[in-house]
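Scrolling down, you'll hit the structures one after another.
Each of the next two complexes has subunit A plus one more chain, namely subunit B in the first and subunit C in the second.
Now for the complex of A and B:
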């Protein structure tokens, strides 16, 4: 950034280069950040009446059972993604970076494909797979004789939160995989060659060389997963809408319901700010924890 | 003997990987081949491959189900958004890469902050803001947030790329009295082609797939994009599984085609963006 200044441009041109884009950006991203804070201190429902009520919304939020259920569900989704998705991605990375593996490009392309699909499409694909009468999941279970496992996946309060997590793990598996694989490419080949000469097993290589050497990338992937899964909305909206009851409710869905179904815009803003603060705290906590671990 | 076992082991895990990859796309494959079955064939056996292929479901979904209307508005939104994202990202990226001025670092961190903010938490206040200005539910409503959300990533792509371009060409042009606009258009823009295509593809994918903003900010049928259109379509055709599947395939088709041709670029660009954020 130091030796950036070279081209001299007059002020008017500079303004024209930057202002239009920056204005739209400020209008959409910066201003709402502050107005949201303001609205969250009012009792505004749709309509002209807006009363300043101080921190009452936030007090209510702390006592709001649905809010805590949603948070718990978000955390389940986050943990499942971090453990299962990252685990599978790491395992695949180890397999795919072996020199005996064929068709590496093909595997990468295929596993990454769901990432580019829209969340709505993915939601409906899984909606159909889970469908009780015409879903392929129950049909396959029936075909292999596991009839006792057949169930209404999205209608049973105990199972539903895990059922909605699977599509998320499935769709975004490609993201940590690619992050890990590009990190592995940065590891010097010689290390592995020396290991092979010394007769180190594949599992040992993965545990003692690959894992610690790409640990920073794993952290990045986990952080990404946390911040996107704390805000997950579309998949849930399409699959269950948070139901049955509130058994698959997540924070973003709750904020949506409060703001646009019950039309409580003040309280909805407070929930949005709450989501904001919680994801922020979790990311910071995670950073601190992993730093300690490194020492 | 040991050698033979090792070879066998390699075969086994290559086959395992292949099975895993196949399992990964099997849901998509299932939807695709089921979408060309008739409803009766599908209900008789939901796993089997289609005995005869027919595209009536596609006609029903696209024309009778009026999905084409959503395609029109999605195309409109995407084209306009991508154009402005590229334009603004290029101009701002150039200014930030090449000029030193007061407030430069401030603008830089403003965009960086935007990449770290959970944008979707801004939907409620943005909705209120647009409603207050009577800018909700118009043909241009979605374009505004779409440009803003895609801008930071595209801008950083341009900025870091332009930084690597040597200055000599520009200096020569300025010596000859060329204006900034001329130099940007004739000299910098052609050099930026690779990063431009990455930014273009990423902005296209994100905009085509976007859901929460489209759900909240426009309610008029004729401005609804494909993802939102799908949700109301689903309500209408709940039991017509094969028609629904055709609708899903149709709406994913543009994305899949782009992916088939540009998957290397997409994977690179997406991970670069993800790591930056």
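Now for the complex of A and C:
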């Protein structure tokens, strides 16, 4: 009975039903994208005066050192997240799905908890932890006799980008973990039981059964991680503001600074479009690569 | 099929998140709408006279959150209330955003859609950008129409608020961005009863303080404006002299790559790399630099005259030991040592949109919140006014404020860099200074970088 009524929906009704959602999506995503594209072709600083300057902003973008430093920083963050965060998440998944682990629910909740914290709060907490005089990190190092490792973590241009990556890995560890866990639950128990009868070790189980069977979910998690880390902003804004100099500058913050601190809205739009294009290419590239792998 | 859908959905999700940045720019459209509906009622009316009894609404945007206890905020609000009572036909519609960077983000967004409020608080360099883009109204005619009012201001207080010879804002205070607040006890412990008057003596003293295990100068430059506004604006002038900076603004020859300016950067870098600042100077902010000073972990800090209030509200023993000074003369410098970077900094500016229609009401309102009565009120609270007041009650002025005003009376004010230079140049300078302090860029390269951005903008 109910199934029949579902079938009856014709195309017109269907369209009417998705129209509101589609309109909101168009208004907040598609329209701004095209207006930004329009602005990026002007020298708009602020106010009503805009002059069409063609692709000049993009030519400048290609030569802009800060833009490329920011991209490099974004890529460092993306790679660190994909490798380390996904690695830890997979390891924890294997541990948590083992029959011998106790208090699984508790562990899962604790690991997932930081995900729901505000990025500003996390930024401030880690800023205190990194503080060179009062921070817990340097105090710990001092306590275990590793004085030579003590440094102002957020003030050294070589270290700072890694220092700001750690909170990101820590905070969002729960996301891939939850995705992997639910994928593991979809694997039939019999497979593991058969393996155990054949005397397969835990590491082999993870390598030859769990990993290939949840590979699609891993791809999902990686894709989400790439797209969110290409746009990371709040943590770094709170921790360092992109400094010292531009050592921890990321693309989103550079677009923000250019638009709203330097008041170069035209060029800022060009940066945003640049971020969009690069992220798009990376996501497509990743899809192509993983498809080849599956064969 | 299902897999295919999943992939497309993912791709969409990914691009959607990516476009959020661009969406942020687009959201200004909404603000435009809101701005319009706010003011349309008033726009329709023709030029209304203050006394004609017709209702006029003036929108007033400022960065003093409701309940703000700073002297200026309290005095402006009091003046505003009085103005409301005396002019019942004028309604002041106030909007306050307490967070400075949020305030300027909103202001710039409003400017981008040409819906600036009738009256708003604005810094000099932003105001100059607004003026060049025909977003802010020149106030020359209303000021010249009331000569007694205009002449009451300290003449140089209009410098920060003028563009191309026209005045775009009225000042509400006279501040200096560079003041050294030092703990005289710590200085006495290393053998200095008065603040050093030569650069060599100054750096020698910093070395001695450092030897005692105390940070000589607390610095919190995470927000990047502190070093440029509170140190380099004064230090630069010691080396280059004020004519050099005027030449930069007139583009009559001087460049940032000139040896004098490079010397100033070199001196600053030497301070940075010799460890006279705390090692986390680029990751803490200017409130945290005061915390270091309040805890007795630092001998001094450099910030603007606005910090007087914060020190008086800080620990009593530290406040009692605090003295004020400015940087000493430098070797071979062309600038006056009895000077500090300062000026009005910010002022009240007027959006051009409804200016003609509400001119008289706006003029009266501006006079009320920055003129003689207001100036007397802030002077009695110990705040330096931009409007000259002769006799006022000094009994409530704090000791440190008196020390400051006694010192300031003997100083000339030199340009604050971020009140004059274009925001794009300032942002290159500000982030470069962070690198300079930790030795990640040479003074010559930074000077070149600033000059390149300057050439691009002007």
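One rule holds in what follows: the second predicted complex is superposed on the first by the 268 of 295 C-alpha atoms of A that agree within 3 Å, B and C clash if a C-alpha of one lies under 4 Å from a C-alpha of the other, contacts with A are read in each partner's own complex, and residues count from 1 in each chain.
Note that a contact is a pair of C-beta atoms (placed from the backbone, for glycine too) under 8 Å apart; a residue touches a chain by one contact, two chains touch by 3 or more.
Quantities reported herein were computed from a predicted structural model and do not represent experimental measurements.
When both complexes are overlaid on chain A, the residue A:75 reaches neither subunit B nor subunit C. Residue contacts after overlaying the shared chain place A:209 against neither subunit B nor subunit C. In the superposed model, A:244 makes contact with subunit C only, not with subunit B. Once chain A of one complex is fitted onto chain A of the other, the partner contacts of A:24 are limited to subunit B, with no touch recorded for subunit C.
Of the two partner chains placed around the shared chain by superposition, subunit B and subunit C are both touched by A:260.
Once chain A of one complex is fitted onto chain A of the other, the partner contacts of A:35 extend to both subunit B and subunit C. After overlaying the two complexes on the shared chain, residue contacts for A:226 are found with subunit C alone; subunit B is out of touch. Once the two complexes are laid over each other on the shared chain, residue contacts for A:143 go to subunit B alone; subunit C is not touched. When the two structures are aligned on the shared chain, A:53 is found in touch with neither subunit B nor subunit C.
The residues of subunit A shared by its contacts with subunit B and with subunit C are 25, 28-29, 31-33, 35-36, 39, 131, 220, 224, 227, 230-231, 252, 255-256, 259-260, 265, 268-269, 272-273, 275-276, 279. Chain contact summary for the complex, subunit B toward subunit A: residues 10, 13-14, 17-18, 20-22, 24-25, 27-28, 30-31, 42-43, 46-47, 87-89, 91-92, 94-101, 104-105, 107, 110-111, 114, 117-129, 144-145, 147-149, 151-152, 155, 163, 167, 170-171, 174, 180-181, 205, 208-212, 215-216, 226-228, 230-231, 234, 241, 244-245, 248, 251-252, 255-256, 258-259, 263, 266-267, 270-271, 274-275, 277.
Every residue of subunit A that touches subunit C in the complex is listed here, in rising order: 25, 28-29, 31-33, 35-36, 39, 44-49, 127, 130-133, 152, 154-157, 216, 220, 223-224, 226-228, 230-231, 239-247, 252, 255-257, 259-265, 268-269, 272-273, 275-276, 279-280, 283-284, 287.
Residues 3, 6-7, 10-11, 13-27, 29, 104-105, 108-109, 111-112, 114, 126, 129-130, 133-135, 222-224, 278-284, 297, 423-424, 427, 431-432, 434-435, 437-438, 440-441 of subunit C touch subunit A in their complex. Subunit A meets subunit B in the complex at residues 1, 4-9, 13-14, 16-18, 20-22, 24-33, 35-36, 39, 92, 95-96, 100-103, 106-121, 124-126, 128-129, 131, 134-136, 139-140, 143, 170, 173-175, 178-179, 182, 220, 224, 227, 230-231, 233-234, 237-238, 252, 255-256, 259-260, 265, 268-269, 272-273, 275-276, 279.
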